Amino acid sequence: MINYNKMIFELSNEGRVGYSLPRSSFNNYNIDDLNDNLKRKSELLLPEVSELDVLRHFTNISNKNFGVENGFYPLGSCTMKYNPKINEEMASNKAFRNLHPLQPISTVQGALEVYYNLQKYLSEISGLYEFSLNPFAGAHGELVGLMVIKAYHQDRGDFKRNKIIIPDSAHGTNPASTVVCGMEVIEIKSNDKGRVDLESLKAVLSDDIAGMMLTNPNTLGIFENDICEITKLVHDAGGLMYYDGANLNALLGKVRPGDMGFDVMHINLHKTFSTPHGGGGPGSGPVGVTEILSKYLPNPRVKKLDDYFYVENSGEALGQISAYFGNYLVALRAYTYIRTLGKENLKMVGRYATLNANYISKALKTAYDLPIPGYCMHEVVFNGLNNKDTDVKTLDIAKRLLDYGMHAPTIYFPLLFPQAIMIEPTETETKETIDEFINVMHKIAIESKEHPEILKQAPTKTPIRRTDEVFAAKMMIFSYKDYLEYINNRG
Amino acid sequence: MSKLVEGLYYSKSHEWVKPLEDDVVLIGITDFAQSELGDVVFVDLPEVGNTISQEDEFGAVESVKAASDLIAPVTGEILEVNEELVGEPELLNKDPYENWLLKVKLENPDELGNLLNSEEYAEFIK
Amino acid sequence: MFKYFPHTKADVESMLKTLNISSIDELFKDVPESVIFNSDYDVPSYLSETELRNHFAELSKKNQELTLFSGLGIYDHYQPAVIDALTSRQEFMTSYTPYQPEISQGTLQYIFEYQSMIQTLTGLEVSNASMYDGATSAAEACFMACGVTRRNKMLISSTLNPNTINTIKTYLNFKGIEYDFINENQGEIDIEDLKQKLDKDIAGVIVQNPNFYGIIEDYSNFSELIKTNKSMFIISADISTLGVLKSPKEDGADIACGDCQSLGMPTAFGGPTLGYLATEKAYVRKMPGRICGYTHDLEGRRAFVLTLQAREQHIRRSKANSNICSNQSLMALYVTVYLSLMGRNGLKEVNNLSYQGAHYLYDQLIKTGKFSDPFNKPFLKEFTLLTNISKDTMQTALLENGIFGGVNLDIFGDKYEGLVNFSVTEKRTKNEIDNLVKVLEGLS
């Protein structure tokens, strides 16, 4: 199975069908009646494959993938926790799946109830007044949150404020979203404890600051313990505070972003609230705001009057950032997760996640370089091996982990540490799994001394070995058509 | 050890300048720059006839893991662009001093005074 | 004890002992006391799985599945059973973004196959790995046009879906990009107005096909005008219709965008769907989103890998083409599986059956005398008619009969007063269509 090597197009044989459509009832109409200059002339390079072959093909390539249910997935800042199957069952419910977004409100009260209640639960958990579930992903939520901040200032007639303060440890989407929103980035350096340097912050505060984006715990997994002073400084300077919710898992049950002084935030439902990563989406990035900012949330809005849910398109809102309600079925999964945990269990998430990360931190610091001493939160960052007298890089360590049947942690992020390894176990792992991971990491550290060539050659036990990325970038083969040309030219 | 060439001017953003005659110079990236980038897969350069301004961005060099802006070490009109780099960007890794990027007519030869010599650059990249 | 928290009391004690602390809360000592949340969240108590199922059964009763004669970007097309069987595989569903290609060939391969299919449907050279939805994809296409041409103004066709227009406006407003609208005439773009508005500031022109009214516009004369002006031509198209209609490439487009919901995805109350974005290789470095490329591993085996990452936010940060990180990856698998099953013939048949049903409905509605066609233009599976039937009367009658659609377009603005949109797919039977006509013909 691991040797399966075909592309779907290569299974194609003319005349095969993999579909069954109803018979035509209206033979006096035909699409060929359309004027020729409206019809396509070029042939379609689509495969003709039998139903069974389609199933085999995708089943076989799925066997070359590694999911959360295959093994440990300690990707820092991704929160690869268990994706509950009950969520999938609820999301497959036809009474939700088959709804059209424009249907009369009276026929979608159940759908709106789920959506509205999720908005409320997220408010509760985050300590912010109101949420919009429209953004499709975390980065999208960042963009929308920044739009809210900009709209707020402009509404007050303050057009000077167009700069956003971002720590150098921030995720790349932070500065990127700022630019997409038409604002400028003011980057400030972290101190040697990996936290926001208050003096650097004070130095950039002025009347052209719209706000500051912060992740807390930060991308090093460390809690910004000066947070109250940071938010006060920014507020006093007239700016708003944006909370990047990527690391919210550490805080569930312990701290609410609203209580720390944040005005706007986004949550990654596909991280903290267990919805599946899908190989890169669909996720969901709800945006929460304080009361005075709520009028700027995007359309459409879902509201409630007595027991009735309705949809509103408020004129004061910043407009639409999606065609409809965002990734609705993703929100439904998050709702299911919150109902499954309930208030009793939600409050333990942060605790268990943090316990697991600290346990790993202590166990590994004998072999791996822990740049920031002290407790971490839900994730821990190492800067490569303690042994600096080696050619073995973080990349090699990550690739070798794959040979041991585990997914690599996040590597080379944050940029502050050149050999960064960011490990986030989450709360859904057993102690046995965590101990096994620790053992493997120690084995790899030993291998780095005794047999570094194994690490350099790793992985050797995965479906493929390391790839030629230069070839990919230079040859630019992005489609089957490109591939055929490449084969042709190669001769 | 990063390779340096005597007689060239260097900028802090890792470009080099080689004076030819008549206030015409060649511009390229240093060995340090190409080594930091890794295998170069693409070079984005402006067109002949355009002007570049000292300290302004004029293009980019892209590798698999990074993309670096090219910062103009001098001001002037572009006389020639090294077309070879379009098809073979890896030439920059092979020899970053042989494989220049642009040939430029200097607008203000005094600007060369703002740049570093090879010793100063060697200190800088330490 | 809770099923998602595996730690036993003994586990916790052992770990605390290793850490030399007596309670987990000691790990939070760096957190200022003033922000510690000491109470319970005001959310409901937990539900067991059985109770949860009951809860959803109750919620389901408050929803009503209707016979859908509505479109406007979300269509009720046939979803083969195979799709769910494959997309629910945990290897696809729970895996992360394929940054470690050695253990992500499943994801990378279906993305490559998806890109290939979008490539052939649009005719343009390269598709990315997906965007969020058709509306945001259109907005990012506008950004692309500005990035490539280094101009700062867009021309937007008035016949775009208003949801798309509104999304584009929000994005352009915040980025500081200007825009103007191309007037419509008889349900189509007024080409004379376009000619007037094309000037040296225009980065790009974006149109939709079939347009918001369902009309298939003839864009054959557009590309030359736009190219002469050195602007970019963007066509937003419902991807399913590209199985039969002129491709964006054949129309001379530089960028194609739109939504892929019509390729095997449920209506899903609007999401998740998937936005596609395709362009020519000359512009690929200005294209946002992930791109998968073909390569080999060090043993010479065929391999797929994310490539040209130097355009993206995690490398370029504030200089990235876009801020997009997660996209709609698993939805791309829906597309790939759907098109693998349908092939070009199945896709053509889907469009033909939809065409037939739509044109039959159209003729029957006109026959009732209650509807007229203000445009008289060619359409595929969706069309817009004018009626004097009161909106309330019509919607009440439709609902009573378990139908949704015709949709009164004035929900999108007063300019659409009196206009009603109908959409017919291969799923609508003759009985359903006849029933719809019967319901409407008696109304006033």
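A, B and C label the chains in the order they appear, each numbered from 1.
Please note the rule applied: a contact is a pair of C-beta atoms (placed from the backbone, for glycine too) under 8 Å apart; a residue touches a chain by one contact, two chains touch by 3 or more.
Predicted model only: the values in this text are computed from it and were never measured.
Chemist: Which chain, with its centre taken as the mean C-alpha position, is closest to the global C-alpha centre?
Modeler: Centroid comparison flags A as closest.
Chemist: Using the stated contact rule, I'd like to know whether B-C or A-C comes out ahead in C-beta pair count.
Modeler: Between the two chain pairs, A-C has more contacting C-beta pairs.
Chemist: Going by C-alpha centroids, which chain is farthest from chain B? Tell me that one.
Modeler: C
Chemist: With chain centres defined as C-alpha means, what is the inter-centre distance between chain A and chain B in Å?
Modeler: 38
Chemist: If you average the CA atoms of chain B and of chain C, how many Å lie between those two points?
Modeler: From the centre of chain B to the centre of chain C is 44 Å.
Chemist: Centroid from C-alpha atoms only, then distance chain A to chain C, rounded to Å. What do you get?
Modeler: Between these chains, centre-to-centre, one finds 19 Å.
Chemist: Specify, in ascending order, the residues of chain A that touch 2 or more different other chains.
Modeler: 469, 473
Chemist: Can you list every residue of chain C that touches 2 or more other chains, as numbers and ranges?
Modeler: Where chain C meets two or more other chains at a single residue, that happens at 307, 315-316, 319.
Chemist: Residues of chain B that contact two or more other chains, please.
Modeler: Residues 42, 62, 64 of chain B touch two or more partner chains.
Chemist: Please output the residues of chain C touching chain B within their complex, sorted ascending.
Modeler: Touching chain B: residues 285, 307, 309-311, 315-316, 319 of chain C.
Chemist: In the complex, go through chain B and note every residue touching chain C.
Modeler: Counting only chain B, the residues touching chain C are 42, 44, 62-67, 69.
Chemist: For chain A, which residues count as touching chain B in their complex?
Modeler: Residues in contact with chain B: 469-470, 473-474.
Chemist: For chain B, which residues count as touching chain A in their complex?
Modeler: 39, 41-42, 62, 64, 89-90
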